[in-house]
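One chain, subunit A, appears in both complexes that follow, with subunit B as partner in the first and subunit C in the second.
Up next, the complex of A and B:
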């Protein structure tokens, strides 16, 4: 069984440092996108890492959060924070409702149900095009926001906000994993029948984890909308679910810090690869195969390996 | 020997000499105008984006400069994702100071980018198909070259009805998305006005590749005309499968919107023969502007221009015409210069309506030729009708602000 690290820990410091350095190394708009997708990938990291649930449907909650945030900003005149809270809440409620059904199935059936609901979400967006804008997306959203007297409009202030939101969610996940609730989730991941035998309401714990992950994905959707000033229909497409999963896998499942690493790697590498070859997704797939085969813990795992190697060498000296 | 005066003069000139390369560079840099082109060069729409990008880039090469500035083509690959397109345009406008943007690979991207460019007070010339671009979502920044769905339907369905007055029963097969729906609703309006019986419609999804069920349903209604309301490869597949079901024998087939030459080549002369197509551009139409496009495409590919290349060329040309007429890179001045402008475009003399920023140009109804009648490998169709069929400005739903 994996040991639960103390919180906050070295990972917290590394993530914070990475967030500070990021806009100095890549354009601020790209850095914002990295922070947003990292937030979305945190929802996958929570489910897959803490509970061992493989979801192909996190894009659904991200998409719902995006549309709820977009509609509330545009039509209800809600402010930045209330709209984001509603985005997270919508993701939580939907994931909680669907989760109560999905968690009763295991393995491939669980995966297929998440996939099916994600597809339904996309077609619902197309079907209710008067509300969602269909495949044209939802536009006409406000482009400037004020937060505690600070204007959030230019790329750098936008990045500051996105990075701040990611860091708060990162801290929340670290806290959850280190909490008694997180210990029960870890126990479920390691041996579900034994947990049930011990009297834990496993389905409720799993539903709570799915709802929490849905809320985080919904928040990521809201952040994406605020960043773009527009709701792209791709936010609720199946490809978004795949993207979040791939980012979490590249970063290293079960490591919240890996979400940021995975997102940075995926976003920067895909940006570079797309300029080399139009079918760049095939190269990402090759990289993913390489990572799964030779670096099962993802990039975050590589960091651990390098630290361990360094520590061993130092001890020998 | 160096005297004091010479030393002092030298010392004074030294900083100037050191700064000279920078000053010269800056002077040169000021004469370069960066223009962003938004195309999908990877992802699902890469084949479409690549052709459009070629046309736009070649136009820049041909013109070289505009309004006294050397033109620099800055390509933004949106990967077929509207969100990605908006992010890259944001980056180009905020971090590179670009104000002049062209291109799109689909309507969703155009609508999103048009709003983004407007919010940042730039100018955007695009080739979207959706009516909204110059309709309810129009704005002072956006200009559109291809015709809207209204024009495509009125320039194809009406002439066909006039040509075959006894063909009263029409069936439609429609791609279920905004563009397909828009073509269909415009068809219905014309049917109603002309007393045509719309005997049925089959919707198919954007992921469908097999249409035999829809075609069997259409056949069961015994229509005089089958109208296909869609865009892209699906249109080619529907035409091909309708022909393989023997529909061409008793029914006229009309693809309301096609991309012209490349789709005709994909179908081949045996399938194109006696099928009607709508098209925004045809290389066989001789005009001064068309010859300019043909010249650069011939130079680059050794062949005649297709729709994608011409369309890419056209959006570049509009911006360049605006820059030259305004003799300035100032966006409001260019917008003003473009409103009402008349120029020699790829389809002949084209102009821009000030009310909705729609280019007024011909849309063609074309008829596939028999292989024996073809003069060369590209002579697959002939133009039956060329019509400028635009909706009246007050009916587009466009509420244009007075200034940017």
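Up next, the complex of A and C:
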């Protein structure tokens, strides 16, 4: 049994420091992408870490958030914050609906259903071309935003906004994990039948966690659209779900701090390698195999394992 | 819809459904025995489709591809099982999912590396390129042959699982692999054989589908999604579930593609959602 850490803790400080340092080390547009995909990966990390649910379908909610945000910005003339809130809300509602069906199935069934529903979202986008723009996506969105009098137009202010959004979600997840609700989720992860026997409405708790994760992914989709200025259909493709999962795994299974680390790693590596060798995903695949076999805690967990190794060595001396 | 068109679409649906059956039955067999979902299943199908493309390009003979596709994919599966999967059996089931997912990614990237990301056509074998008369209607011979091949495979599989010693080991193993091991049977080898067989069946589906829809590197993700839908609809772990699920989904896709072409793929997933709401265990499922 893992002890529940209080928050804000060391991880909060590290993440905050990393967000400040990030735009100094990489270009601001790249830093924005890192923050956006880290937000999306937080939804995977929440499910996997807090409840132990492996989702291959978080890209669905990211994509839905992206389309909702794009359509509201363009056609309904909504402002930045209302559009983002609606993106998060749409992700929450859809994930809540699908979740109430999916959580009834356990283990591999759950995983398969998340993937199947993610595919469904992609084909829905193709089926309703007049709303979604089909394979062309949606363009013609506003490129300039105001937030409390500050203009968000240049790369650095854009990064500030994305990093702020990521940090808020990060704090929210830390708060949720440390809450009584989070303790129940952890109990479900450790021993679901026992929770059921204790009288907890397990399905309802799991649905709530899935809905929350869907909302976070939806928000990330909205952020991505704000950043890009259009809605790419790739946001709702299966590849997006896989990307979020890979980022969360590289960072460390289920650790919220790892999402930022994984996203930074993935985004920087893809940026650096895609020019030299377009098939760099093969390397990611090899890395993933290595992680599963040798480093189950991911990069974030490596820190703990290395310190554990040192501790063991000193104990032997 | 005219009768001719309806009949044509029903036959097409059964044809696609039989390919979906071949694709999914391996997934079901592997899950039944080894208790994990093979995310590389779509990639095995992809690999076999590209082997078909390469062999037909090279030798001009589809029949070599029909032999080599499943065999080479089975060998590939054996290597993957021995090299990687074997080490994950003691880990939680997420580990097997993630490692097979990584393998799928790797296979897809290698295919793109060898054959570019663009799709290619594969010609229908000359002997089957004609049409057959079904009473007053005509139908492509190749599609009919696909139904025949898949039906033969289904019957052989059923006999092998229900009526042979190997089959009884497989069935016992899916009840309790540990107990079968205690009875002195080398479960490790049974796992190996089942994984290779499942992969070979996905490979057969890949070979048969290549002349129908051509090959492109992203067909693996689509196939994996379809295979999941089939086993969710039919029920995981049963041969009959893969057959019923496969044909049902094939029919939905084929009939919807005349009624609403853009939405045909969507309706497959809608059908799945409907089935799991009414019968969460799938039509033929027990668990």
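By our rule, the second predicted complex is superposed on the first by the 304 of 317 C-alpha atoms of A that agree within 3 Å, B and C clash if a C-alpha of one lies under 4 Å from a C-alpha of the other, contacts with A are read in each partner's own complex, and residues count from 1 in each chain.
We adopt the following convention: a residue touches a chain if its C-beta (ideal position, glycine included) is under 8 Å from a C-beta of that chain, and two chains touch if they have at least 3 such contacts.
Note that the structure is predicted; figures quoted are calculated from it, not measured.
Asks: So in the superposed three-chain picture, is A:241 touching just subunit B, just subunit C, both, or none of them (first/second/both/neither)?
Replies: neither
Asks: By the touch definition at the top of the document, which applies to A:33: first (subunit B), second (subunit C), both, or neither?
Replies: After superposing on A, A:33 lies in contact with subunit B but is clear of subunit C.
Asks: Does subunit B (first) or subunit C (second) touch A:124, or do both, or does neither?
Replies: Only subunit C; A:124 stays clear of subunit B.
Asks: Classify the contacts of A:275 with the two partner chains as first (subunit B alone), second (subunit C alone), both, or neither.
Replies: Touch partner of A:275: subunit B, not subunit C.
Asks: Scan A:55 for contacts with subunit B and subunit C and give back first, second, both or neither.
Replies: After superposing on A, A:55 lies clear of both subunit B and subunit C.
Asks: Which partner does A:139 contact after superposing on A: first (subunit B), second (subunit C), both, neither?
Replies: In the superposition, A:139 contacts subunit B only.
Asks: Of the residues on subunit A, which ones does subunit B touch that subunit C also touches?
Replies: Residues 126, 129, 279, 281 of subunit A touch both subunit B and subunit C.
Asks: Show me the residue ranges of subunit A that touch subunit C in the complex, using the header's touch definition.
Replies: Residue positions touching the partner: 54, 101, 104-105, 107-109, 111-113, 115-117, 119-120, 123-124, 126-129, 238-239, 242, 249, 253, 279, 281-282, 284-286, 288-289, 291-293, 296.
Asks: Under the stated contact criterion, what part of subunit A meets subunit B in this complex?
Replies: Interface residues on the subunit A side: 27-30, 33, 126, 129, 134-137, 139-140, 143, 154-155, 224, 227-230, 232-235, 274-275, 277-281.
Asks: Subunit A touches which residues of subunit B in the complex?
Replies: 41-43, 46, 50, 77, 79, 81-83, 86-87, 90-91, 94-95, 107-108, 111-112, 115-116, 119, 130, 132, 137, 176-178
Asks: Could you list, by residue number, the parts of subunit C that touch subunit A in their complex?
Replies: Going through subunit C, the ones touching subunit A are 31, 35-37, 84, 87-88, 91, 93-95, 97-99, 101-103, 105-106, 108-110, 112-113, 221-222, 224-225, 228-229, 231-232, 236, 260, 262-263, 265-266, 268-270, 272-273, 276-277, 280.
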